[in-house]
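Down below are the structures I want you to see.
In what follows, chain A forms one complex with chain B and a second complex with chain C.
Then we have the complex of A and B:
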């Protein structure tokens, strides 16, 4: 436990020193603020084009439009930022050999993986909460929030998908031992999941649905049972990837 | 149109500040350091300035060399 806490503390210091902390928090606050604003401004921008003689019908934006923008921003730009920012978590240590000293001094290998996952998860959770908080505050300022059915599931889904990306980074980083392997395995996994979502009926089980696809829950068009299988598969994948990383790291020659 | 935009300024300014701060931080870091994991100073300046948001974070996570 002491090793775990010490190593996690080192991770937090490192994320501040490499600007990862500031970039992540700043950008996610920005995504949160941008969403209601974009929803509010889009009709204005289209209206200002209206002098050209085109007939464009624009409906008055609602808080649902703001949440649609929120899921769009977080699900695409947000996940891209997450992939780039966390690509060095495991791979940098392995390619630089900075873990050798710690491991020879008796640091447990599974502690390394566990605290890497823990520290990145805490950062990501905090960033996502800030993003949601900013989005919620601005949406409440512009509109009446009203009722949000199944809000917990709808808003926890992108967070869970982010966790999957973090676990993939740790797995890819441990497997390949360099930053490019980590990046490629994460981007490859996202591309693969997107390709799979072309199959009819697969989206119910596909974790990629969670990154930005949960708007129907809020609008009342979807039911939780449409998303539960994807949530379970995503959670299982996070656990399996983390366990896989530990097994692989135990066998790895430093 | 401008008047209408004016009322959103308190919301637009923080967003612009975050984007600008990120780009400026990356540019300053690039000019102060001359070791990069790959590429050279010109490439990273172009990427950081021209590619909004993604450019600077690419530099900080995969372009930046060791101190």
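Then we have the complex of A and C:
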């Protein structure tokens, strides 16, 4: 436990010292703020385009448009930021050899993986909460929030998908031991999941659905059972990838 | 008790046999020079002692405890200085040693004086800037400090002087000499003068086997020679030396008075 806390503390220190923390928090607060602002301003922007001779019907934006924008921003730009910011988490340590000094002092290998996942998850959770808080505050400022059915599932889904990306980074980083391997694993996994979503009926089970696809829950067009299989598969994948990283790291030559 | 025993250790990478049925022992409280050319298998041997690489066959014991691949318990007895020690560049020396102390299981009360003691030993007490800006020599000295944080019984150094200038080399060798009383030191090198300077025992690794293992004193006395070099701790007139030799029926056919070596000149001006 002592090693876990010491190494996690080092991870947080590293995030601040390498500006990873500030980039992550800054961008996610921006995504959160932008969502209702964009929803509010889109009709104004379209109107300001002037008389182009085209008929464009624009309905008055609602809080649901703000949330649509929120899921769009978090599910695309947000996940891209997450992939880039965390790509060096494990791979940098292995390619630079910074773990050797600590491992030869009796640091448990599974503690390294557990600390990495823990520290990354705390940062991601904090960033996502700030993003949601900023989005919620601005949405409440512009509109009546109203009822948000199945809000917990709808808003926790992108967070869980983010956890999957973090676990993939740790897995890919451990497997390949360099930043390109880590990035390729993550991007490859996202491309594969997007390809699979083309199959009819697959989206119910596909974790990528959780990345910005849960708006129907809030609008009432979807029900939780449409997303629960994907949530379970995503959670299982996070656990399996973390366990796989530990098994692989235990066998890794240093 | 031996600090380290290797028995019939072999290791191959792909089809290439790097270590072939290698055996040697390191007695306690000595500085053990592990000599070999580049690529002879010195680093591989050290990594196997640390459980970072798996031996294909053979046994390795540290203070009588068997080493196993992965998280080996014997590492609590060992301090390791890699050939190029890598640190977190954003940390300062005290922060880094603090992390090492926590990982090694030192309590906070004993960690602070230990860190101060080690920084003093390696001459980094006043270096409070980020490690990223350290020179190679400073990093190597910090490497020694981190290796010693847990007060190890055995210190393993992988070519600690190879990449350093003469001043840096001398500093590292002086540190190793200082800690000899408390810690057994195994250090690999291909710089033979370093071995002569501080080692008590030496093993030579060639083509995966130990081809020579001996106490330094025995090694030097093993063979008769027609040529010798002596160094005295005071100035002596050449006539005085020749007189002593003749009194003992030894007539040199050639003698030279040593000029200042480039190294001694360098050390003199680079202080």
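Of note:
Rule of thumb we're sticking to: the second predicted complex is superposed on the first by the 253 of 254 C-alpha atoms of A that agree within 3 Å, B and C clash if a C-alpha of one lies under 4 Å from a C-alpha of the other, contacts with A are read in each partner's own complex, and residues count from 1 in each chain.
To be clear about the criterion, contacts are C-beta pairs under 8 Å (C-beta built on N, C-alpha and C of every residue); 3 or more make two chains touch, one makes a residue touch a chain.
Just so it is clear, the structure is predicted and the values come from calculations on it, not from any experiment.
After overlaying the two complexes on the shared chain, residue contacts for A:253 are found with chain C alone; chain B is out of touch. When the shared chain is aligned, no partner comes close enough to touch A:217: not chain B, not chain C. In the superposition on chain A, contact of A:30 is made with chain B only, not with chain C.
Within the superposed three-chain model, A:41 lies in touch with chain B and out of touch with chain C [touch as defined at top]. By the touch criterion stated above, A:101 is placed in contact with chain C alone, chain B being left untouched. When both complexes are overlaid on chain A, the residue A:154 reaches neither chain B nor chain C.
Touch criterion not met for A:82: it reaches neither chain B nor chain C.
By the touch criterion defined above, A:190 reaches neither chain B nor chain C. By the touch criterion defined above, A:237 reaches neither chain B nor chain C. Overlap of the chain B and chain C interfaces on chain A: residues 18. Here chain A touches chain C in the complex through residues 2-3, 5-7, 9-10, 13-14, 17-18, 96-98, 100-109, 250-251, 253-254, going by the rule given at the top.
By the touch criterion stated above, chain C contacts chain A in their complex at residues 47, 50, 52-54, 70-71, 73, 75-76, 78-80, 82, 84-88, 90-91, 95, 99-100, 102-105, 143, 146-147, 149-150. Residues 1, 4-5, 8, 11-12, 14-15, 18-19, 21-22, 25, 37, 53-54, 56-58, 60-62, 64 of chain B are the ones touching chain A in the complex.
Only residues 18-20, 23, 26-27, 29-30, 33-34, 37, 40-41, 44, 48, 77, 80-81, 84-85, 87-88, 138, 179, 183 of chain A touch chain B when the two sit together in their complex.
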